[in-house]
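This report concerns only the one structure given below.
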């Protein structure tokens, strides 16, 4: 009676998905990936240097058994993202794709028009599409309607470490769509990851928070524990919030802070 | 090279301390205590029914090997608390005491005048005193000066589940005293526990959040993971917060939300 | 040397814009509008009952001298919104239009795809377009690029009274676009309005917070003062935040709470 | 039917009380005091230079008609504070005293033990005592029981500009005591002042936020408007918070953020 979840045909136990960018070196990345307990690891197709072989290749450092999730990072139009997703498939990286269509180079917010457009095309081509999106419930619904296998709203801008800046919108998204909701981007520390799970997220995806921590391997362990704690707290059913224990009625609506 | 901490002569690995009140029944309590991984369990001396023997006694249900931390819950004056602490020692509950002098029946906020007074007396009598206090840095310093082995500020009112309502004061307390700072009271869910550890607390003490969760045993596991995640994140060194990844300067001062 | 602002050819002194929906009756609305000091009042073209004449018509109760801002509330597609804007012009409601393309009946979040599409058409037809949008900086930039005279991101869902749920995104929008940024929707009380102005908003638009307050006329006065206070505080240059007065370095990044 | 409040025998209309420290110069202070609309101005007895006469004296620059509220700033024991209060009376500064007993030089948190002790003595000597205290409800109740005419909990450390760090405790204090609750210290900007009033504070006292703003006179106007807006919003009865307008039940317990 394990607590599993699935995307398309793939079932997972770990609810932490991790990235491969920004690590100081491949050996550190490898140890952090292993320490995270993650079963899914995302790789930027556009940043792969296909001329590298053996130990010089990033792919060689990904622990065996981890499911690859190619992503379309650094794509700024639907067309670029579509081409990049196809390239990943040609490279035999599998049928899953984390779809990114970036709308702003500084903040890395998604371009939701391009995102929806690319999602429609890739779904038709048989991809299992996981879109990185903002926290807009209307866009989330459109992505679900387009056939995406999940939606992945940001908690805060990529690399910001700000945590969940608008848990209200995340909650509305969870009420709005039927597909799994994964929080992608913004997590800075373990309590952020726990909070995302307590809100009801199916899983959390992160990269910078681990890769750029002072000790990435220990932070990977921290995030693993944070996700586990948050998930179990969600399932265990927390006590209501009250102004104090003798208050006659519980508070409602206080989210995360 | 384990990550241990100590109070007086006692060294611990687990950074989660748990209570024994409010459980639906003793067997559930026993399983939750075990699941929490806690090494220290606090018991209200005044609520012990010494007429109960064997399986009818709360003490019989505390897992072997857990360190008892008698507390003076339900004491409203320094005198009551002092008498109650002495009674615990007579009952061979050991030299540690979690000192509570309650100032308000509704909110269970401490009476810091009575608390400081009782602490001074008990320290002189050889107790290792752990006071439950509010989040006032001046009171924390006085308790340290009185010889307390730690200070245990509340995160929020007992049983409120509100989490850490004023992380700023907790941070100032940590800057102000040299003794260990444990967050006691207020935690509602795993992310709260993680956040307390990320702020730099040495440990977290809780009761209601586990005992009154829908599934206390699973919540005990959640809190164990949350504390572990928060502690490791604290040690691992989190990324700075920025408005977005390309922002030129990190934010500072954003605590917990 | 008054502190004025402008949209298109129109210059204003008041930075509070108000709506006309949800009032208990027209006389109360009229008094609240007057008390607000607003110079701009928005009216839902689709909700006008053109069969009503004289005192039965909403328009008759709008104080003389207020600038009408017709809006496309209750439009769920770009086409509906475009038709409704044109209808407003035919009714001689002027060249300004508050453009709404609603994407979800429950939450009233905008449909940003439809919004951008409608904005492009209406700008070409000579309208001065003020779009109600979400807090996505990429969408805000597209609306500016489409020729909108301002952008009006929501602080929180329409009618929610939640205040500014994500001041971080609002700040990023203000850094991103050159046109005036007005906060539209979400304000619940005077401190929310003040906070919006302190963040740097050019103005605030609200309806429910005044119309459904227990005393709408007094709340209109409250909002007028809140907007004035926030604007003046923004101009006056607030003190930096510090953990305490003797802290060696100011905090940065703490926004609004 | 003006909205007035009173302390002891004194009735006031303005709900903003202001200090006299930290201004760049006396003329600026004078203009800011006037712009604030305050009727009460607090002066540190210990910082008065009694050798200064005429325009060199701070007192000469206080606008006519403002009620003086001598304070015991820079007193670190009950004895010092008592002596200083008596000195103020000898200097014919009146019967009111803002009682400060500071417990920590860095953070300027009060020493509540000394504060309660000094309050008891001064009340017996006929002073109308307004104590600067922390946000502990038990201490607030003791100060009321000691005969204080009001309690003045801090919103955040003096000079920090952090706003209201724990509105929950402020609310509990307002539920606990019958005397007026004034928020003293911590306000940084107009929305903070508005929020304090919306919580139900009778008035707000501030100094640094005005004196050290880039433009103190304009900030004084901002604070005046913020306090007015918050007070009127409190009286007008705000709309409930909901996740969105169509949510079936209002939220409760969300305070201030």
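A, B, C and D are the chain letters, set down in written order, and residue numbers restart from 1 in every chain.
The rule we apply is simple: a residue touches a chain if its C-beta (ideal position, glycine included) is under 8 Å from a C-beta of that chain, and two chains touch if they have at least 3 such contacts.
Remember, it's a predicted structure, so these values are computed and weren't measured experimentally.
Ranked by distance of CA centroids from chain D, the top chain is A.
For the pair chain B and chain D, the distance between mean C-alpha positions equals 34 Å.
Between the CA-based centres of chain C and chain D the separation comes to 34 Å, rounded to the whole angstrom. Across the assembly, chain D contributes residues 107, 157, 162, 168, 172, 241-244, 254, 257 that each touch 2 or more other chains. Arrangement of the chains shown, judged by which pairs touch: all-to-all, with no pair of chains left without contact.
Those residues of chain C that touch chain B in the shared complex are 168, 171-172, 241-244, 249-254, 257. Put simply, chain D touches chain B in their complex at residues 103-104, 107, 109-113, 116, 134, 136-139, 141-142, 156-157, 162, 165-166, 168-169, 172, 176.
Those residues of chain D lying in contact with chain C across their complex are 105-108, 157-163, 188-195, 198, 208-209, 212-216, 218-219, 221-233, 235-247, 254, 256-257.
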